[in-house]
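Across the two complexes that follow, subunit A remains constant while its partner is subunit B and subsequently subunit C.
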Partner chain A sequence: MRQPAQRTKKEGSGTQGKTYMLRLFVVGDESNSKQARENLVKICEEHLKGDYKIEVVDVLNDFEAALKSNILLTPALVVVSASPPVTIFGNLSDTEKVLSALGLTGGKS
Partner chain B sequence: MRSKKPTYQELKAKLAEAEEIIAALRREEVDAVVVNHHVVLLRLKDAEEALRESEKRYRTILKSIEESYYEVDLAGNLTFFNDSTCGILGYTRDELVGINNRQFMDQENAEKVYQTFNKVYTTGKPVKASDWEIMRKDGTRRFVETSVSLIKDAGGQPTGFRGIGRDITERKQAEETLRESEERYRSLVESTEDSIYLVDRECRYLFMNIKHLLRFSLTLDEVTGRSYGEFHSKKETNEFAKRVNEVFETARSLSYEYKSERDGGYYIRTLSPVKGADGEIITVTVDSKDITERKQAEAARLKAEKHFRKVIENIFKFVPEGLLAFTERLELFRTNKAFQGIVKKYSAKLHYTGEELTEILIEQVKNRIVNKDYSEIRISKSNNEEAKDR
Partner chain C sequence: MTRQRRKKKTGASLTKQRGLKKVATCVAGLDDILNGGIPRGRTTLVSGGPGSGKSVLGMEFLYRGALSGEPGIFVTFEERAAALRQSALGFGWHLAPLEEAGKFFLMEARVDPEAVLSGTFNLKGLLAIIEGKATAMGANRIVIDAVDVLLRLFDDPARERNELYALHDWLLDREMTTVLTVKVSKDTPTSARYEFLDFMADCVIYLDQRITEQINTRRLRVLKYRGSGFGSNEHPFVITEAGINIIPLLATGLRHKGLGRKVSTGHPRIDSILGGGYYRGSCILITGTSGTGKTTLASTFARVSCERGQKVLYISFEESQDSMVSCMLSPGIDLRQPLKAGSLQFLTAIPESMGAEEHLIRAFRAMEAFRPDHVILDAISACNRMGSEAAAFDYLMRLINACKEQGVTIVLTNQATGLKEEQEISGIGISSLVDAVILLRYNEIGGEINRTLLVMKSRGSKHSNQYREFLITDQGIDVVDVYVGEGGMVTGTARYEQEEREAVEQRVREHEIKRKEHEVIEKRAELEAQTAHLRAELEGAEAALESLQMEKGVYWRGREARGKMRGEGLDSSRLGTKRKGAGGKGGPK
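This part shows the complex of A and B:
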């Protein structure tokens, strides 16, 4: 499940010059965190064409940031630039879901 | 301060997030949980992998061990077991699945097993049972020794029992044979009139039969471990130690007569070596036979004999009649002077030599004794010319 994106974009229609602010909460180099990092970069490169900024937060170093963002488990991606911010959990292997969170598709239920 | 009441949208968003979290957990895409200012790492895959590895390892071990490994449910039905269990019970794997323990033991043993399981269930503590008798499929009976511990589910609820068992029939039979043998030996040791005890090389008592304990007026516990020297004089101890040492050195039995300073009794002691499993002599058995009465009887007999000899001597010496003494086998062993005088006096008159007349008289006397004829003996003159001439 995800929060509905504020921006409505048609699939593959690009980012219309907006910069996506993304915050990825991970824990060290654990397998799902590592996968989430790789998947996110790949998706962003393919679909956001450089209009993005990724901040990776390792909760082992800064769990206060996780608490502030109400992050209960990792890996978690917060689309900060969305209003209200959208959070998805997991290793981001489901590209459709990530795109939906970014408001780039119609989204899955 | 009262918190602001969440809007429907906010609640919906929270619910969506919770569902998202559950879904991520189900997909095992979670590395850590942030809770109570702590980061808890969740290495689910690693843990599962480790668990699988561990299970694989245990199952390999269970397959290779000779001992039986079993798991039963709370009713005693087999739920898991290794191949050795099949071997011990004599059933195939298929036949054993789900079988209840009552099917391979009699009612008495089933009751014993029930009591054991019940104890483990009640106390939660594992136990070791060593006297279960099982009945194999072919009807033969075997003894098994087994451990029993409780299996609990994740919530801590008992779900069954598990344990490791081994066939101890041969050991049990060996123990029984040994026990019977010991019983026989003990019965033999205790039924004899002899004193029997065991000593080590340092002449310390290792065992003593009741007969000998009575002579000591002590119990076995009071004697065991104490040395011979504590109960005997220095002279007796040195003598005994010398004999014990000889048995250890030569590995041969020896016997000797011994007079006890304590009770004045006479004993024949036989010391024999006892060898251990490696052939080394470990102890010496001492069989002490009381010969005091025999000794006393012998002394009395000797005394009587001496007295009798003296009487005979006097008779032979002082009786004026001629006397001949024979053994039971009618062998002449003695004559007196009067007899010799008679022979001397009449041999010439009857024309016999002294030897001839003696011989004739002896033969006559012997015949009379044999025929119990106590009439007079008459000797006719000899026709022996040679004797006549003399």
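This part shows the complex of A and C:
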């Protein structure tokens, strides 16, 4: 019964690149999901310079969406805008791996 | 107090028993082994090597459930949904209509190998999906196939275990009847890594597939069943074109029906040798070396039984139906008619083509569909080629048992390899199940081979102990009368010669007797003739003697008379002597 979709959108300086469409699958308010949400916001703030769009899906409310994206493990982040879409499982604590999956390897260094 | 305690205990165990409800799997034979089915609302672990039939077992459980209106969810971590649908179709299981009707849900839960792992995660997504689907469908049966693939993602034994316990708890909370399959290595029933699964699950089934002598054999074993009894043996099973089929080795031999009435063997003389024929529902073994007429004898029985309106299932491991039919035409046994009429059915297969279980299932299926009165198995010696002697023994034991349970007569033929049939009579060690043994043999006498037949054993009836000569003619089989001549039994030409020789001797003897009889008559006639002659001579002599004596009397009377007249007594001594001598001579008259 959490907010089903939390959208965070920021119009920022760099509009030159594509917009990252991100879908985060969480399970209610269990700890891993909370952490994932926090980690994602942090990464996005730091590396995507506001050029992103996050959709949060609570699988407890919408299992069909999880089924469609084959989300068996949670939390999970799907980079919808990438082709093919990339799936990252886990609470996103490993920033390097997330950046690499977003195609921003070594972006921070 | 003790009584009270005991009462309490029984009460508790009763509730426990009552608490354990079972769900029939409807997998052929499995429910018998599990005393009813798998535990309801609990987890059953099915482990086994790759290709041992775990997925098929799970799929069949759900499919049969769905058919009877019980919705089920199949979660696969390894195979693709399309591939599973295809293989299900191979068993004749049409999943699509059930999926449309909401009775079956196939979830391809493959984790994208390209997926990135970052930080900790758990199975909640999967559980949410299952829960959502289960609620929507009203399903409480679930199969989670190849859970090991899922667990491998965690890459940490401790986490694997935690996640699986979480999954298990979750399933228990929702009272899902679960089948969890896990791949294990071939050598050990459960690898150390997934040993905890055994402790966790309420029921553990292990599937094993091994190759013995190039033939695939499958075994199923129940390792544990909390709160329930189960058949703890290894049970052979097969995957047929209709799914899994397990043959429980349970009450084997306890449900045999008694022997029935006698039925004709197809030849009146063999009937009489056997004391009336074969017993219905008995097991008859016809044994002998190649070409002694085993198949002919068995086919005769088949033909005659069909004529009587009974049904015969002919299981042939030696020849095809066509070749059998044409071979039997030569001794005048026409099997085409009963085949056409549907009273005779052939079940032919090369022994090597499949494992013993599969052969057995085929036979059982045929028996179930055809309901024969008699089964002929030609030949048990070929069964050894099903893999091992143990497999052949298993096959025969179960087939004979099944026949005896159903009151079906079973005629086995056995090809003995040498001339030491006596030792091989039991074939593959099934002699205790065999009620009658007919030994067919070759006898070599005087440069020719003849067939003989001997009933070596016939339970429950008198039988002849004589070897009989047994012929295969254009009009079928025939048995020659018991040989009552001198010496041991002889057959064929030798018997003919012997009989001829004896006949000649007999004639010679008779001739001699006749001759002697004549001689006796002649001798007697001669004797009589001579006797008559002698008597005549004797009579002549007697007559002569008499007349001489008469003459002598006349002489003496004349002398006395003359003496008296001439004055007798002058010389008395001389006279006395003279008289004395004359008196001695004439004394006897």
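In this text, the second predicted complex is superposed on the first by the 89 of 109 C-alpha atoms of A that agree within 3 Å, B and C clash if a C-alpha of one lies under 4 Å from a C-alpha of the other, contacts with A are read in each partner's own complex, and residues count from 1 in each chain.
Definition applied: a residue touches a chain if its C-beta (ideal position, glycine included) is under 8 Å from a C-beta of that chain, and two chains touch if they have at least 3 such contacts.
Because the structure is a prediction, the values reported are computed rather than measured.
Once subunit A is used to superpose the two complexes, subunit B occupies space that clashes with subunit C.
Of the two partner chains, subunit C is the only one touched by A:100; subunit B is not. In the superposition on chain A, A:73 makes contact with both subunit B and subunit C. Within the superposed three-chain model, A:81 lies out of touch with both subunit B and subunit C [touch as defined at top].
Of the two partner chains, subunit B and subunit C are each touched by A:60. When the two structures are aligned on the shared chain, A:90 is found in touch with subunit B and with subunit C. When the two structures are aligned on the shared chain, A:30 is found in touch with subunit B and with subunit C. In the superposition on chain A, contact is made by A:39 with subunit C only, not with subunit B. Once the two structures are overlaid, the count of subunit A residues touched is higher for C than for its counterpart among subunit B and subunit C.
Superposing the two complexes on chain A places one of the subunit B stretches 24-32, 78-86, 114-122 or 294-302 into subunit C: stretch 24-32. The intersection of subunit A residues touching subunit B with those touching subunit C, taken from the two complexes, comprises 27, 30, 32, 59-60, 63, 66-67, 71-75, 87-91, 93. Interface residues of subunit A, counted against subunit B in their complex, comprise 1-3, 26-28, 30-33, 59-60, 63, 66-67, 71-75, 84, 87-91, 93. Those residues of subunit C lying in contact with subunit A across their complex are 107-112, 114-126, 128-129, 131-133, 150, 153. Of all the residues in subunit B, the ones that touch subunit A in their complex are 13, 16-17, 19-21, 23-25, 27, 29-35, 37-39, 41-43, 45.
By the touch rule above, subunit A contacts subunit C in their complex via residues 25, 27, 30, 32, 35-36, 39, 59-60, 63-64, 66-67, 70-76, 86-95, 97-98, 100-101.
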